[in-house]
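First, the structure itself, so that you have it in front of you.
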């Protein structure tokens, strides 16, 4: 066994730097007094994230590991980048949000977000059940706090308590499953588990299946796939909007990274045993998510169900028999698209709902008149979410679809397309509100802050660019050997 | 000049185009444009005819459309029949153009009227010059369009609007038959050219059944256009159009196109005896049927309309019984005297301020001298009094029917001829003799613009018959050039006698009933009230069609509309609604209770896992 | 210049849209003139293409191939080109759109957006007709969806929201079916030939090659063909997938109705011939009877429904359904004339239906009603409009001298001449289609009797007749209809060789 | 020696009790406690495997330490949120927390 001091700790540079910066922000927050508007902390957070992102690119470019506990590979790098960019977007949104909600302690908000980010980064990089669990809990516990951050708000606290209780149960499920995995293999290293599992499965199929399923319930909760999704709409609705954005994008993608790592590496050898299950879950998720989203009037809740449906799309490639590298290319592409379009949409949603003071879909009425740019941007995001050309969402879906057909899961692909059509209803419902309804009486012209406009512009550009030239990214991805 | 025959239809077309664009500015002067164009056409037609008499058939074509290996051409052709028809059409058309100058001068839309007339003349002349049957069909439809436009010229009258629609629609039924016939013919022979078709048919390349079907389909077109039973219902209604139009389109030219069609396709019909029989019987029945209705009608134009239907039936009968020349000869003479009668009627109507009921007329003889005399000539001609044109043509028809040997047809023909003489003179006596029964005195004789055309037509009605008399069958020789249409029967002396006898009896009977009033028409009517009512209501054909075709179609349409809304679209909407509803049902499970959420997670997880296990075979 | 002219043509409107985007909302006239100019230039380019189109050559012309997206197992190319099938439709698209833009000057609210969407729509439509890569085809096909959704939804009538969503979701569903089929075709093709491609030309060869019967069993091919048929049937539309059309047509603004009926429906017919028949000739002939029966049902059903409509625009919409049946019947005959009749019908109906919708729109603009019973006597109040309406109706009826007749004639020649092996009961089908023609005359003339004819309602007495600007679309559309009707060779010499190419696959 | 299965059974029973409690108890503090119960069942499993499992080693006990720590953190956050909730609602009855639904 390697000594901890022999390890190449430089691989962990981004995480360590982020931790330090987060603590720095935390400290600055203490020193500047707990209340009041602190946009500089937001900017500092974004800078921290960008620094971390640069470090990720610089240091994670190689494959390596620390005692087979913390690994760095292409998978980790890409997911970390997605997460960091996502969080940067979320913080941009938060800055606008916090400006409108001065009752929230701003410094804590940013530092908690950064801690959560750190947890997410550790999750996608971990190769050990313990590290993995720690990362997960770091993310989760920060998220619980963030969800209830508007502590005077009934909905926010309710969301937080629901989240913490159900999240705790989910953690328990994951741990319970992990305990069996450890018991049968005698190790918590994912790579080792992956090596041994094939042989062990012949011996203890039932126990391994049990363990897998318990973990699946827990992970399913984290990525909110049906039927483990029940918490998501409530929590998303109650949480402050940037937190909703964080949960539905960053938290979900990080958890997804975890799932990928677990299922492809640890359970890869018994793919046949769980792929079918995941296919069922994916199908259910796409159907139920999209169907319920049809009936929603609250835009955040709608986005929650939309996010559930999107999670369903993301599960599809995992459930099909592709090589891990192709699966990863597909998921990473869709992941990028998902970050761009969902966070872009959340930026507009934050802007609109905070201006209207309500979260009803009708607050989008006549947005085109109030802020043409935001309306057009929102249209691009929604069209992309609906999966229409020529957007990143479209091509991402095509990619998933082709993957599913290649993997022989035509039925799943068909469900995916059919439910996408259903999703037209609610995505275009918002578009309808924006273009075809007159603005509400008291609504004024919106003046989005520069930072938000820049962020939305970036998101729109990437969404469209990836729609036109997906090949540039996919070519790059296809050259990867994703896993350590 | 024969090479330039294409100019004949082009003149009126130019008139049409000029009037289309500048009509509003020209207003009443429009008539001069139309008249000039027609006059040019007429002169050219005469030249062409003269050249053709001594010359050859001239054909010119160019490619119209290519598909696969087939090419359809369009062009023009001058055959004897064409040349003759050109004269007939241009003459009548020219006269009608002149006549309308006065008749329509009060109408604000006289420019539109003349533009329509121009379009019609173009179409009709184009139809005649067609070198192939497809082109004929094209112009055939165009004349139908013009008929529609002109019948509906006074569109603000609901009757006129309805009549226009009815005219177009009814002929359309026949036209679809014709179109199908053409298409079948094309597929059977690979060409629309007359020559190619006939040689293919004569060479036996098309089997007999197919020939019969094709012939019947083509005849269906003729039935529609020439208002033969059972598609005759539109023609009487078409009298809602201005009277000159009735004279031109619904008496002399367009309605005769059906007969003309059977004439040009005659070699095809000859191959199929079934088709010939159908033609003959349809013609005979129509002739008789329309004649009976004309006996009781009281509208001057409708009587003439039924008479036209009857006479067209006569022509069909002739063609169906082998009388190729007879049918076409009658077509020519009929064009002149029927146009004369219609224009005469128009003159009367014009003088009577658009009153058409013959019961409200009477005593016009003294009041409108020229009109009366010319009308009498027309009536004598149609009744078959020698030596007027109608006599000669009717006589050869009777001869053809007789030589065909079907006694039933012959008897029908004789009765029809008798009825023709009777109802024409019933009309004449009621309208022109006796006391004036109307409320408005006629304003006297009309101007020269109206009487001169009448006079010219009267002259033609007298002399047109001389081109084909037992003393010299010039027309027959001319038409039969290079054509083999079988033996053409000529009347024997007893037939001539019979012919004259029929005319005399018919006229005499009418005189006794309506001139002298020795026999009371009332008495006859009261003896057979049912028959009278039946005839007065035109055998209830309109009502029958309404009940059998129109109403069920609309009802089916309504039914399907409900089905479409309820079922076809209903399913679509149902799917949408069901999706939303199921979404709502799912959404209701999110009742806000975190323990429900936990439970659903648990139960859902267990259920899915159980399903998976079962499918995977863990539980046996 | 000629080499990339198609690309220029397709993306020119997009450039126009961008240009319009930069113009402030208030400059309505500038926006209108840019849109008009763009569409006219597009028209001009399409006419240049038309003039330079080699009528004697078979195969594709103006072809262009650029690698676009390359993801290892998936290669998408920008592959475009035209042949005799797409050439007329290309011109149809530019003509109808240009004239529709003339017809849309009466739109006063949100002018800028309207023309941006119209331009995007134009790009989409042109793209569909030039794309030779199925993926590209699909992209353009989808690209037409969103602009139309907006145009109906923003500038539509009373039920615009319902109509726009129905259009979006229903035709979106059709596109989804198409997409799934394309992908499956892509995979089956790759399995069979070892070469993964979306190229229609290559796939046609792969699917025609009988060397790989295990992968491309006739069952698989039949399923693929039927799926394609359903996909295009939604757009065409074919009974029972037609119900989006009346809503969309009725609610859409005039210009959009013109484009919708004039061009968008044609994409369905075009796709059916280009991909359905082009790649699965054997299956297409196998299902000829089905296609023909559906075609006849379309004709009769559409006509019967049109007969009982009370709304003039909906009547025209149902007439479109009826007329599209002729396309199906023509295709199903699998003869040169039938196929050509189908293409003729696509083109001809494009002009005629656009004209009809324009007329209905012009009448509505003046009378504020489309209810047939409330109209009447329009010949008196607006004689010119009534005259053109009548002419349009006559063209729709299939009056010779106008384009509708030629297509009907060709389709009839085709269906009556169809070989009994491919299309049994062809003659029965032909005769029923003939009844459809009578019904067409019935509903249109009845409508004309009740609208243009009849006594005039006093309230319509002072209506203004056609404005000078309105003459452009009216004369333009009618003119093209007459041109094709009088001298169809102008089209047939372009189409014929392509049709023979398509048919040669069936023979072999 | 006590076979590992018995410890696993104990763990399973604890897990089920905890889950049952989470799903049925209306008092949210009890619910939080039940979550702790579930996590403790995991600890029992881990320690059992660590000492008498087929591949007994120390890792399991290390894991247990982490689980205990994080469970504590989670409980702390949970209770904090609970207090905030109580301030807002003056109730910590699970059933009454249904502002967010449908």
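The first chain written gets the first letter, and so on, giving A, B, C and D; residue counts start at 1 in each chain.
Basically, contacts are C-beta pairs under 8 Å (C-beta built on N, C-alpha and C of every residue); 3 or more make two chains touch, one makes a residue touch a chain.
Quick caveat: nothing in here was measured; it's all calculated off a predicted structure.
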Chain pair with more C-beta contacts, A-C versus B-C: B-C
Whole-Å separation of chain centres (CA-atom averages), chain B against chain C: 36
Rounded Å distance, chain A centre to chain C centre (Cα mean): 43
Cα-centroid distance, chain A relative to chain B, in whole angstrom: 78
Approximate Å spacing (C-alpha centroids) for the pair chain B, chain D: 96
Multi-partner residues of chain A (each touching 2 or more other chains): 161-162, 165, 169, 233-234, 425
Touching two or more other chains - residues of chain C: 169
Contacts with two or more other chains, residues of chain D listed in rising order: 19, 22, 97, 99-101
All chain pairs that touch each other: A-B, A-C, A-D, B-C, B-D
Residue ranges of chain A touching chain C (in the complex, touch as defined): 326, 329, 383, 388-390, 394, 399, 401-402, 405-406, 410, 413-414, 417-418, 420-421, 424-425, 428, 432, 435-436, 469-471, 474-475, 478
Touching residues (chain side chain D, partner chain B) in the complex: 19, 22-24, 94-95, 97-102
Contacting residues of chain C [partner chain A, same complex]: 68-74, 76, 113, 138-139, 142-143, 145-146, 149-150, 153-154, 160-161, 164-165, 168-169, 172-173, 176, 179-180, 183-184, 186-187
Chain B - residues contacting chain D, complex: 587-588, 590-595, 598-599, 602
Chain A residues touching chain B - in the complex, by the definition given at the top: 161-162, 165-166, 169, 206, 209, 213, 216-217, 220-221, 226-228, 230-231, 233-234, 273, 276-277, 280-281, 284, 288, 291-296, 422, 425
